[in-house]
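As written, the chains take the letters A, B, C, D, E and F, and residue 1 is the first residue of each chain.
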């Protein structure tokens, strides 16, 4: 991975291009307006403050813009924060495109689609295969570009597809070690489990929850889609109901948003696979920023733990 | 209400017709088989033990049969239990039909359907009205005969419709006092909230959970049905999503089975109305069996409380 | 309701009279003192900051004063905040009295007292009636002016009486639908349940907890008062104890401050009625500020939820 | 302590006098009635079964009778149970009185009253002293004979006073080590904290909860009594309110029945003292029955733990 | 797997050899003693009741004996129970040895030891390798024969080693997919994590907790052993502390017995691997007894869930 | 106790020497750096802000320095904060040494060591005595200077030893009142329970957690030490295991960091003694700053309660 924002430490100066993920105006304790910018490059993101902004600043420095920025990294309540010295919008002369600044999956969309297609091809149960293929095709464009979440893990462009590809590899490994597992079910569950995110979230970058996402949620959205697909394809076996159950239960517990706990073996294993891939992703990113012999920043979605990086 | 099984006390003898809701064979500590029967009449039910059963007994005294029975009420670990002295299957000579023995709603199916139809008629929003009318019509037959649950409250024939009628009256009263409430939404939410039970449960009497009921649940079943109905009727407004949300959230909290909490005013109020009608129903039935100055049996679904019946 | 502070949005300018509910001095990050004012008018309240205050400002702008104010509404961490441009104390020339600026119940004290008196008049049980009438009369003056709480719901002048009047109407509606409920008990429970607030809180406006309120609480205060009243009136029946139980248990659960859960039918229903009236009040006020198609601010006392206002 | 029922082990035969604390009829799996007796002597109690009882047995072997009994101790699901071989009511010829068979405090009522009186005598604050003395005197007879609970700890005759005496000694020791503690408050809190049990429970032996005990509870009963006493004695200082708070908060947390947590230093310490004395009492009794190198029976009120008795 | 006790259904007769894992005497409701036997063969175990036992029966049918048995499988409260018709101890004429009847791991001790040795051989960090090899060697004999638990999962002879071997395979697969994981740490963590069970439990069959197991627990026992081993081997680097942390934290949360949560990446992954292998083992065994289209018995250690076996 | 920082109130000016416990740089909302200093004297500590700092300020005002300071106490969000007007490092001319400014135990190290030695001398069980004496001697120097914690209670120099001395006195008092308690075990448990803090924490002042403290924790560190000591001294009895259990379980519950709950009587009592001494210490310090008739600041470690100081 090239050098980027996550590789700078407290006290470092930076002079680089970045992308404004979001911009929020507020009023400082001296009564003057300032902007809180979330800036990103391909390696990650950082919070920045732009003090004493003019009305022009407010109009210019809004979400989904690329900027040239100079400043230094400071410590603010135990987190890194960028103090901006100079900022300007990029122009054509900068020869920089937004796609150069947006964090995205380490695999190309073609590679990911190829991998997933192969898993579907290997399925033996035609009902499971047809439902999965139909739904993937229906939402393919968004599936390949959306993030897997607004924050915490795989919250970058194409993060959803990348999370699915990693989970499929893990499903294959576990399926090989525990041969009673139905691999078709497991692969279909992995591919469909978060597909409803393409309706729950607003888009590939700077994503927020849609009204439907807030009121219904990606789990119920997808359960409905599976039902409709089975109707459309004239599939009447039990497979459709079991796939709905896998999606319904993949958060594992009622208090985590699954109205039914996993009651089928592969549903339980799907929950583990989802969990492992998400959490290793979060730990890896936190540890990438820490030096051996140090603790990471606290990771909110991992019960606010700090992880230690051994010296050996 | 006519005199029935709930009106007898410890020590009373009975000689009456009853309906076998369920029958379970087990082996006593003396090594001989016995049957545990759940017997009901129109007023309620009681557990009974038939000791030292023959193979003929096992064949005869199974669920969904009517029997003539003599015995007496005893106390078993703080609960009433019927000790059977004599039992036989009914014959044509008894001039008794099963419908005479099954607990059912205090209103006729026609009365209940009439009442609900009137509420739908009063709706002003055509989208809400059409979805509600369509789904009620689609499942009307089962809706009018199914219980609202396998136990705890309204667990008798036509209990589902009766629960809905009581809730509609309550919705009307509350809607009158808090005029900002959208009565159309509230009525539609009441009518649809438990309609998925006709697929979650197996039938009007001696009901158990279906596989679909266990794996998907009545909430998600109905959310899917609303989505399909809106598609079929070509309704594209926000009403369909809001109705889905009302059904989805009517258990109030994730840990009670709602993947989203109520996020619309009428969804919150629907949850209250459901709760009040169910709980007053449970308290009324427990208190009916208690005398003034006494505490009721413990009511499991009310946090195992015993309720006191004042003397005045 | 006339136009007031709750009807302004982010960016709006205001030029109006307001009432200082509370004023707190603190030191800004530039080392200069500033005041955080809670300002209200008849429609609601807003937080405001007065920067770089002088000693005269500190003396002038304290709680329970009326001020003329100019400024604009800004967004501070997702909440509205008033940035003050000009502020001065009102003078006689302003022809404004504090009562014009204080949020108060939408019914007059006379209307509310008349309504409650009628409910007491309708009681049939003389013991319940005499205890209720005695206690209402004893604390009538404060009861008619106090708020129902320091925040969350009915936290305005006469909010306590208004909450009681709404609950009585709800009690009457529910009592009509579930005829086994003892309406006398229910009405008395409603009237007495929060009456201890007149000792728990310090006064009708800018109210805070008293020492007795903190150490004993309105529930135990009122339970004691009922016991004393029964003694004084020579009432020896069970009614006094049951009324004490209704007050004692009206928060529903030990962890919500009721040392006993409701163990009498009407105590359980009283808890529902209190809950419904308080929560609909909170939702109504949050939704009043939101536009169709938007979510409200988070409501802390409703598990921090944001509510959606449908577009139809 | 003389040899008694707690000193017998599995397999031992006994031939002794015992007291019937309670007797419950039920029906065995062979259809015959039997009695479950809780039998006690001065050292403790044991459950016993009397099989195949006649109607005369049912009339004779009821609560609060003394019996001569022969049988042997058996293991029933990990607990000791007495299998009765012979049982008869005692007669005058047995020269045994019920007081010989009832477990009671190891100190006489006179000793305990003397000790408590001395603590009251030592109080320096006249308001605290007068309230405490008045209430002790008012309920002295019951206070000296009632148990402290129906089960778990100090559930024997005069257990309430004995618990108070032990706690006073502990309060004195702790008060000596932490001199900022107000000993008057601490002693008064100890003496009054459970005094409401004389109204919560039905009597000195075979005690059950009264209706008032169930609906109001000993904490609220005593808070009321302190308020009334202060009124009667014309005490207007803060002491009465603080004493009410000590009683109100002595269970420590809302979920344990205290509507307010301890908010005064001595209230917090009172909670510790109550806890320590009760729990050491429970551990001592469980460990008395265990041999070195063994674990005790599970103690329900100590989170169901088994305690180990070291071998040294 | 050969046909055995887990393959019989309700109503089946059996005539076979079995091993008595435990035998408990109790008294039936007719006053006669009976034995509750836990009988096992290589496929699993079943509870059996032997009624009306003689003193000779009590002496003969104790734990760790082989018996010839005839009887039939019955339903007792939703669980299978064996009703014994005939039972006798085996003699030399039966040509059956206890090892034929004890459930054991599907791999031989040699195979398992070979596999684990290979994993240790592959380690690159000499400190981790030496500590792991030393401890495995020290406790090798018990490690190869002990179960992994007294119940729930891998509770058969050599279950501990088998659990470790399965986890090592899983660790290798996951380590391959997430290359930042330190495989040495992961393998050592897997091998050591439950090694303390050889001191926590009493032996390879009919195992119970030792006093040390109850008071200290396998986690703390092993943490101590690692510390002592590092001292003995003169290893002073950070590896010893990190290995202690992996063992200390492998239950994942304080409330599950780990005084520290995982704070090192491999500690977190070790917790997942342990969890997955244990839970798939439990689901596999429950599902083995169920037919397609049915639910399994409830599995206590999986939150008491019943799992559904799909029909396809 | 001499007058010090805890005795000043809001609005008071101070001109005194203080010790910098810690210094953290951050950036104010005007973009300029400032320092947050935790300043202490013998009576306690206070937070202070130094605005607009120069690079020289940053170099000078770091942890573990003594300073001369002038400023005034202000209210910041309900807590006291020192606004610095003048600050300078102390010089030899000030005739002040750091030990004059560091909060330390009210007893000298010699007094505390003498007291503890006497308790060890009184032990009768030679195994307990030898293990305790050995470990105290091994870590004596650090034990006498370390604090008991980084915050909450006894977080001053020699706080660990002072906490132990207070607990020993309490253990003696309780041991006298409940004679079945094994005083040797209790004393040894008190002396050893927190001794692992000398490895968990970094030093006597400005203490932070070590890596070993974070990953292993003082409980497991000490359990290991006891095991090693018993090995070294050749002590083979049960005492070593029981002492390990006392240390292991002294936090009382798994969720508070004890992998086993107390399962030995003295372990349970050790937990109470630790709790009482810590909590009375916290209450005393909070109440010292409050006036009669007022509530204290909220005490985080006491469930965030504010305590009331009665007026009598």
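Assorted remarks:
Note that contacts are C-beta pairs under 8 Å (C-beta built on N, C-alpha and C of every residue); 3 or more make two chains touch, one makes a residue touch a chain.
Computed from a prediction, not measured in an experiment: that's the story for all the values here.
The chains in contact with chain B and with chain E alike are A, D.
Between chain A and chain F, the least number of touch steps comes to 1. Any chain touching chain D that also touches chain F appears here: C, E. Rotating chain E by 180 degrees superposes its CA atoms on those of chain F, with the angle stated to the nearest 5. The pair from E-F, D-F or A-F that reproduces the interface of B-E, where over half of the contact pairs by residue number are the same, turns out to be A-F. Interface chain D/chain E: under half of the residue numbers present appear on both copies, so the contact uses mostly different residues. The geometric centre of chain A is 39 Å away from that of chain E, both derived from CA atoms. Here the CA centre of chain B is 60 Å from the CA centre of chain F.
Taking the mean of the C-alpha atoms as each chain's centre, chain B and chain D sit 44 Å apart. Residue positions 29-30, 211, 214-215, 242, 263-264, 295, 308 of chain A each touch two or more of the other chains. Pairs of chains in mutual contact: A-B, A-C, A-E, A-F, B-C, B-D, B-E, C-D, C-F, D-E, D-F, E-F. If you check the complex, the residues on chain A that touch chain C are 25-27, 29-31, 211, 214-215. Chain C meets chain A in the complex at residues 28-30, 34, 49, 51, 74-77, 81, 83, 293, 295, 308. Considering their complex, residues 125, 127, 166, 169-170, 173-174, 176-178, 180-182, 185, 237-239, 242, 261-265, 268-269, 272, 275-276, 279-280, 283-284, 287, 295, 302-303, 305-308, 310-312 of chain C touch chain B. Across the interface of their complex, chain F is touched by residues 211-212, 214-217, 219-220, 223-224, 227-228, 231, 241-242, 244-245, 248, 254-260, 263-264 of chain E.
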